[in-house]
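Residue numbering begins at 1 within each chain, and the chains themselves are lettered A, B, C, D and E in the order written.
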Amino acid sequence: MIAMKLSFDVLRKSGPFIIGAVLVIVMALLPMLNIVIPGVLPGPTYQPGSLALLSLCMVYAAMALSYNLLLGTSGLLSFGHALYFGAGAYGLGILLSRTGLPFWVSTGVGLVGGLALALLSGAVALRTVGIAFAMVTLAFAQTGSLFVSRSSSLTGGEDGITVNTMNVPAAFVGILNTKNLYWLALVVLVLVYLVALWVDKSRLGHVAAATRENELRLRVLGLRPFTTKLIVFAIAGLMAAAAGMVYLLLQSGVGPKAVNYDLTVTILVMVVLGGVGYRWGAIVGGFVYTLLDQRLTALAQSDAVDSLPAFLRVPLSQPHFLLGIVFILIVMFSGGGIAGTVDSRIRRRDWRRAAEAALPRAGGDESVARPRLRP
Amino acid sequence: MMNTPHSALKIEGLGLQIGGATILKDVELDIMPGARVGVIGPNGAGKTTLFNAISGVVRPTSGRILMDGRDVTRLDVSKRARMGLGRTFQTSSIFPKLTIFENVRLAAQVSLGGNYSLLRFPRRSDAASRLAAETIEKVGLIHQQDAFAGEVSHGDKRKLEIAVLMVTDARVVLLDEPMAGVASGEVAALTENIRSMHAEQQSTLLMVEHHIDVLMGLVDKVAVMYSGTVLAFDTPQNIMNNPLVQSAYLGTSA
Amino acid sequence: MSSVVLVLITGLGVGALYFLVASGLSLIYGLMNVLNFAHGAFIALGALIGWEVAEHTDAASWWSFLLSLVVGAVVGAAFAAFTELVLIRPLYQRHIEQVLVTVGLSFAAIALFDGIWGQDLHSVKGPAWLDEVTVVAGAHIANIFWVLIVAAVLVLGGLSLFLRKTRYGKIIRAGVENRAMVTALGIDVRRAFTLVFSIGGAAAGLGGVLAMHYMTGVTPEIGSSLLIFAFIVIIIGGTESLVGTAVASVIVAVLQQFANTYLWGTGDFIAIVLLPIVLLLRPSGLFGKRA
Amino acid sequence: MSAATPILEVEHLSASIAGQQVVEDVSFTVPRSGVTALLGRNGVGKTSTLRGILGLIQRRGIVKFAGERIDTMQTYRIVQKGIGYVPEEREVFSKLSVAENLELAERQKNPHREFVARLFPDLVQRRDQQAGTLSGGQQQMVSVARALLNDNQLLLVDEPTKGLAPKIVNEVADALAAASKTVPILLVEQNLEVVRRLADRVVVIVGGRVAHVGDAAATLDDADLVRRLLGVHVGDSAHGGIAPARNAGEGAEGGQHA
Amino acid sequence: ACAPQSSGESGAKDGATLKVGFVTSETGSWGANGPMVKDGFKAGLDYLTNGTDTVKGIKINVTYNDDASDPDKGVSTVKTLVGGGATVIIGTGVSAVALPTAQLAAQNHFLYITGGASSDAITGINKYTFRAATSAGQIVNAMGAAAGDLRGKKVLAYSIDSAYGQSVVAGLTRYAKTQGATTESVLVPSTVTDYTPFSQQVLNSGADLVWVSWSGSTTGAMWQSLKQQGVLAKKTVASLLDASWSWDAIGPVASDIPLLISPYFDGANDSDLVKAVNKNIAKSGHKPDTYTADGYNAAAMLVHAIEKGGTDVDKMINALEGYSFEGMRGPVTIRATDHGLIEGMYQSKLVANGGSYKAELVKRLDGDQIAQPEVKPTPAASR
C-alpha cells in the first residue's frame, strides 16, 4: 500500500518530465518513420511537406513560449512581439546576403542584435503599464513594419527577401534536407522551452510572477518591478529572434508579415488557446493553431465543401472563417485554454483524493476550516 | 524633542495638496528608535496619507522626511523599503494569484538578495521557506497556506499582511488598521504577534488603529491627527483624557 | 496660403472620418473596457449593407444616401447587439477572453463577408454633389469632407448627450469596475451593456457607410484598414473621453496631412511616433484622468 | 402574509465560488423585526452566506423572502424587492464621484437624502470627490449610505463599522438601531460591543454550518459558549486584553447545533 | 512503419503520369485575381489536350492549392507538393511566394512557371524558373510606346510606395533615359487614407506626363482626388487598366485618361484560340479577365515542355527556352537567356455601358516593342 503510494508520488512528480522526454524523442524520430495522420498532416511524416509543416508548428510554438513568458509569467500584454521575430529573421537574412560572415557567426550577431533591440525598446516601453504598454510596443512594431516596407532596397519591401544560400550550410538547403531543418527547429524549441522553464523556476521568475499581480506591493517590499520586467522582456525578445531565424531558413525567406502586428495577435491567440501561464499550453497552442491555420485552407478547398449548397459552401470555403469560429469556441468553452482545462481536470481528481484522505481527521476541530469539497 | 541624529523617523513640515484640497499640513513628528507609536484621528484625517508619504507611495508637496537622519523625501518606494521601511495597507494589498505561502516566502526572500537572479531557485527547504512557514503558523493561517491569497476571507487577508511584514526585517514599521476585520476571537493573538515582532526585530512601530483598546495596550506614545495635521503627540493616558480627542474622535464626552 | 487651407480643412475632414470610425470603439472601450477588434467587422458590415442599399435604389439621390446611412447604423447596431449577447456577455469579467473572442469574430466575420461579397472593390456612386469640390480661399475641398465633418459633430453631440442625460454612462462605468455590486443595487447591468454595445455598433455602421462614400467604394477590408487609426486616436485622446478621441482624431489627421504634403509623405510615421510620445508623457492619454 | 412568517428563510443553503464550495449547509431565519447577527470566526462563510442569499455567488438550497422563493432569481430582481446591502469590502465605485455613487443606489422616487446627509455630513462636503480617493472610513460611509437611501424590507449588513472611528461607530450603530425599528436587519459584525447593543438574536457559523442560534444577550453572556464558538475570552474585546486565544476553537461540538 | 529509403522525386520517373502542383491565391489579398489565372490555366489545358489532360501518353495530374496570399502557406504548400513528387509547380500572383519558390526550384530541380506575379525580379532569376505573366517593366514600356515621342519631356511616376511601386519608378527611369526624357516620382504609403496631399504634389510637379500605376481597393479614392485637385484636367495622364472589378472605380474619370494600357481584357483579341478558350471558361460559369491570359500561357508552356521533354526537368527547360507559341495576347516568345516573355499588350479605353463600364481596344502594342530588357545572369542566380 505504502509502496504503491510512493511510486505513485514519484510518478506524479516526474510524470511530466517523462512524458516530455518521450515526446521529444518521438518527435526526433518522426523523419525516419512513415506515419500517416489524415487531415492533420499533408502526407506521411517522412515527407518534406509534413516535416515543413511540423517545423513551422515548432517555430510558432517557440514564439508562443516566449510570449507566454511575457503574458503568462509577467502579465505583460505586448502588441509588438513580432518585432523581435522579424528582427531575427530579417537580421539573419540581411547578414547572409550583405556580409561575408560565416553562418554561425551571423546567427550569433543576429541574436545579440535581437537582444539589444529588445533591451532598448523594452527600457522605453516598460515606463508605461497596461494598455499604454501594449500600445507603445505596438507603435515600435509598426515602426519596424514601416521600415521594412519603406526600405525595399534592404528588405525587399513586401516581396521580402530570400535566403542567400551561399552562406548557409548545405545541410539546411533544399527540400530533401527539410528533415535537417526540422531537427534544427526541434532543437531550438527544446532550448527555448528549457530557458522558459529556467526563468519560471528561478527567483527572477517568482518575482516576475509577483510583478504581474501587484506592483505596488512588490515595491513596498523593496523590489524593482522595472528591472524584473526588463530582464524577462529581453529574454523573451531573444527567444523570439531565435525563432525568427529558424523561420527564415525554413521558409527560404521572410516577408513583411513577420513584423506585422497580425503576427503578434496570432501568437497571442496561440497562447490563449493553449492556456495563459502554461508552458506546455503555449506549445500545444502553437501546434494547434498552425495546423488549423494551414489545414483548414486545404479543407476549404476540398471537394466535399465544393459540393455543398451555397449557404454552407460560402462560409466553409473561407479558411479564416473556420479558424475564427474554432477559436471563438475554444475561448468560450474552455476557460483557461487547453492546458487550463486539462489542468483543472487533473487537479479536481487530485482534490477528491486529498479530501477523502483528510475526512477522517476533519471531525476533530471544527473551527479550523477543512479542505473544501469541490462539486 | 531635540533634533538628534538618533531619530528613527523624523517628519518636518510635511504638506500635501491634491488639486485644491489640502490633505496634509505642517505635519511634524519625531520618533525615536524602538518606539511604539499609535496614530489616531477621525476618518479622513490623513493618517493613511501620512503613511503613504512616509513610504513614498505619494510625493509630498512640501516638507521633509528623514530616516535615521537621512533625507528620503525624494527616494523611490522600493529604495525606502530597502533602507528598512515596511508597511501594511489599509485595504489588503497582496499577490492574489500566489498562494499564502508564496506571498510570505517572496517577502522572506527579499532580504536574502539575489532577487533578480536566474541562477538561484526557491526551494521548500531554504531559509526563506522555513521562515515563511513558521510565520504563517504564528498568525494562524496554516490551514490556508496553499490557498490563493485572493481566495481567502477578508480577515485572513489581514493576517497575511501582518505575516508578510513579520518576515521582512524592517526597522521602521507602519501598520494601517491591522485589526480591521479580524475576528474578535483572534485579535488578541494577532496583537501578541505584533508585540513580539517589535521585540524581536527591535523596530520602530507606527500603527493606525480605530480599535482603541488594542492600540492603547500596545503603544507607548499616541499621535492625534485632525484635518491633515498632528494635533497632539503624547502618552496614551494623556491622549485618552484629552477633551478634544474625547469629543471629536471617541465621541464619549457628549 | 491655399495649400495651408487645404491641409487644415482636409485634415479636419479626415479627422472627422477617424472620429466617426473610432467613436463607437471609444464608447465601448471607454465604458466597458473591451478593446473590440471586431469593430472593423461592424464597420465593414455597415458599409457593405449600405452599398447594397445604394445598388438597389437610386444611388445618386439624396434619399438613397440617407437611407443607406440609416440602414448601415441599424445593421451595425444589430450585429453589435448579437455580439454582446452571444460572445461578450458569457465571458463577463474575463477581459482578455472578451478581447480575444472579438479577435476571433473579426477573423470569421470578415472571411464570411469575403465569401459573400468577394474581395473586389465594390464601387459606389453617391449624389453627384459629393464628388464635386467647393473652392475655399483657392483650395479645392471635396464636398464629402463637409458631410463627414457635420456627421462627426452630430455623432459627438449625440453620444455626449446620451452619456450626460441618462444613467447609462454611470451604470456602465460602475459596472465595469464592479459588476456584481451594481446588480446588488438593483440595477440590470446586462441590459445597459447590450445597449451601449449596440450604440457603439450603430456608430460603427454609420461610420462605415460614410467611409465607403469617402473612398468611393468598399471591400470587406474597409474596417480593418481604418481600425489601426481608430486605436491610435482613442489611446492618444485618453480612453475615458469621447471629446479626447475627437480632439486626437483632428490632431492626428492634420499632422498627417501636413507631413504628407510637406514632409515627403511621412504621415504614417507621424501617427505612430506620436503615440509613444504622448503615452510616455501622459500614460492615460491627452484627456485621460491621471491614475 | 402573516406577520409571523419570517422575512427571510434560509434552508440548506450551500454556496460556491468558482466551483469551490464555501458555505456547506446553512439554515436559519430572520424575523420581521429586530436585528439578527450572523457571527463566526474569519473564513467560516458569513460573507459568502450573505452573497449567496443575494445570488452574487452560485448557491443551492431554498431562500425565501417574505415567503417567496428568491433562490433562482437574478440579483437585481432580488434587490428590487426591497433589500439593502452593505458589502464587506466597501465596494464603492472608485472612478465615480461620491454623488454618482449615491445616485446609482437610489431606487425610489424620494430617496432619504437628508437622512443620509445628516448621518454623514462628510459626504455632502465631498459630493464631487472621486470615491476612490476617499479615506477608508469615508468609503465605508458611502457604502452604508447606499443601503439607507431607500425604503427597504430587509438590510443585509456586512461589518458596517469596520474602519470607522469610534465616534462614527457609535453614530452608525445609532443609525442602524433606528433603522431596525422599521426594517429587519441581518448583521455580520466582529465588534461584539456593537452586536450586544444592536442584536436581538445571534446565529453562529462554524465551519460552513450553523452551530448555534439563540438570544443575543444570553449567548454573549455565556462566557463558555462565546469562547467555544468565537474563540473570544470574555472580557478580551472590552479591554483589548491580550490573553492568548490559541486553540480556542477546540470542542465546538459542545455547541447547540441548529 | 519506417520511411521508405528512396524518397522525393521518385514520382516523376514512372513515365505514365506527371505530377503538377498548381498554387494560386483563392483567398487573401490577391484572392480577387488568383482565380482568373486558374481559369485560364484550366481552360487552356483542356483546349490543348482536348480534354484528356494527356500529352504524348503522359497523364498530367494537377492538384490545385490555395496559398491564401500568405507566404507561410505558399512555401509549405510548395514543399508538400514537391515532397509528394511534383516535378512542376505552377502559379501564384504573390511575389513573396513566387520568389522563394523560384529559389526552391533551383535548389531542388523542379520546373517552376509563375502565375500572375509581375515582379521584374522573376525574369532571369534562375534556370528553373519561367514567367507566365507580364512584368512591371513590360507595362512601363507599353505605356511609353503608346505615349509616343517623349524627348525632352518630364515624366512622373505616381504609385504606391511598395516594392511594386519602386520597380515602376525604376522601370520608368530606365525607359525614360532611353527616350531622352527625365523622370520624377511621387510614391504614396499604402496606409494613407486621404490622397489630397499627393495629388497636390503631382499637380505642383513640372511633369508633362503622369504615369499612374495603381491597383487595389484604394483605386477609386485615388482617382477621385486626382480629378478633384485638377490633375486630370491639367496633365496628360497614363495608367494601367486592371481587372474588370476595378472598372467601376476608374470609370468615372476614364474619359480624362488619354492613355490606358491593358495587359489583357475580354474582347481585346478575337482569335480562334481565344474563342475556344473562352468557351471552356464559360463552362465553369466564369468570364475571361485580365489575368486569364497568364494562366493560358502557363498551360501552353506546360504542354509544350512535356511534348518535347517528357518528364525530365532539364529537357523540359531546354524545350521552353526560345519557344514561341500563340497565346491569348497573340504571339509569345520565351527569351532563351533570361526566360523573359516577349509578348504583346493593349492600349484601351473605357466606355460607359449601361450602369457600368466596358473596355474597348484602341490598338495592340507589339511584343518586341515593349519587351523587358534582357537580364544578365549573375553567379548567384545560376545556383
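Definition applied: a residue touches a chain if its C-beta (ideal position, glycine included) is under 8 Å from a C-beta of that chain, and two chains touch if they have at least 3 such contacts.
If you're wondering where the values come from, they're calculated on a predicted model, not measured in any experiment.
Centrality annotation: A (chain centre taken as mean Cα position, compared with the mean over all protein Cα atoms). When the C-beta pairs in contact are tallied for A-E and for C-E, the bigger tally goes to A-E.
Between chain A and chain B the centroid-to-centroid distance comes to 43 Å (mean Cα coordinates, whole Å). In whole angstrom, the spacing between the mean C-alpha positions of chain A and chain C is 33. Taking each chain's centre as the average of its CA atoms, chain B and chain D sit 28 Å apart. Per-chain CA centroids place chain B at a distance of 49 Å from chain C. Each of the following residues of chain A touches two or more other chains: 146, 317-320, 368-369. Along chain E, residues 27, 161, 189 each make contact with two or more other chains. Looking at chain D, residues 20, 41, 43-44, 231, 248 sit in touch with two or more other chains.
Residue ranges on chain A touching chain B, taken from their complex, read 198-199, 201-204, 206-207, 209-210, 212-214, 216-224, 227-228, 231, 368-369. Against chain A, the residues of chain C that register as touching in their complex are 35, 37, 87, 90-91, 94, 96-97, 100-101, 103-112, 114-116, 228, 231-232, 235, 239, 268-269, 272-273, 275-276, 279-280, 283-284. Considering their complex, residues 3, 6-7, 10, 13-14, 17-18, 111, 114, 118-123, 125, 131-133, 140, 142, 214-217, 219, 221-222, 225-226, 228-229, 253, 256-257, 260-261, 265, 267-268 of chain C touch chain E.
By the touch criterion given at the top, residues 17-18, 20, 40-44, 47, 88-89, 122, 133-138, 140-141, 159, 162-171, 190-192, 230-233, 236-246, 248 of chain D touch chain B in their complex. Contact residues on chain A toward chain E in their complex (touch as defined above): 31-35, 42-53, 56, 146, 149-150, 152, 156-160, 162-166, 173-176, 178, 251-253, 255-257, 293-294, 297-298, 300-301, 317-320.
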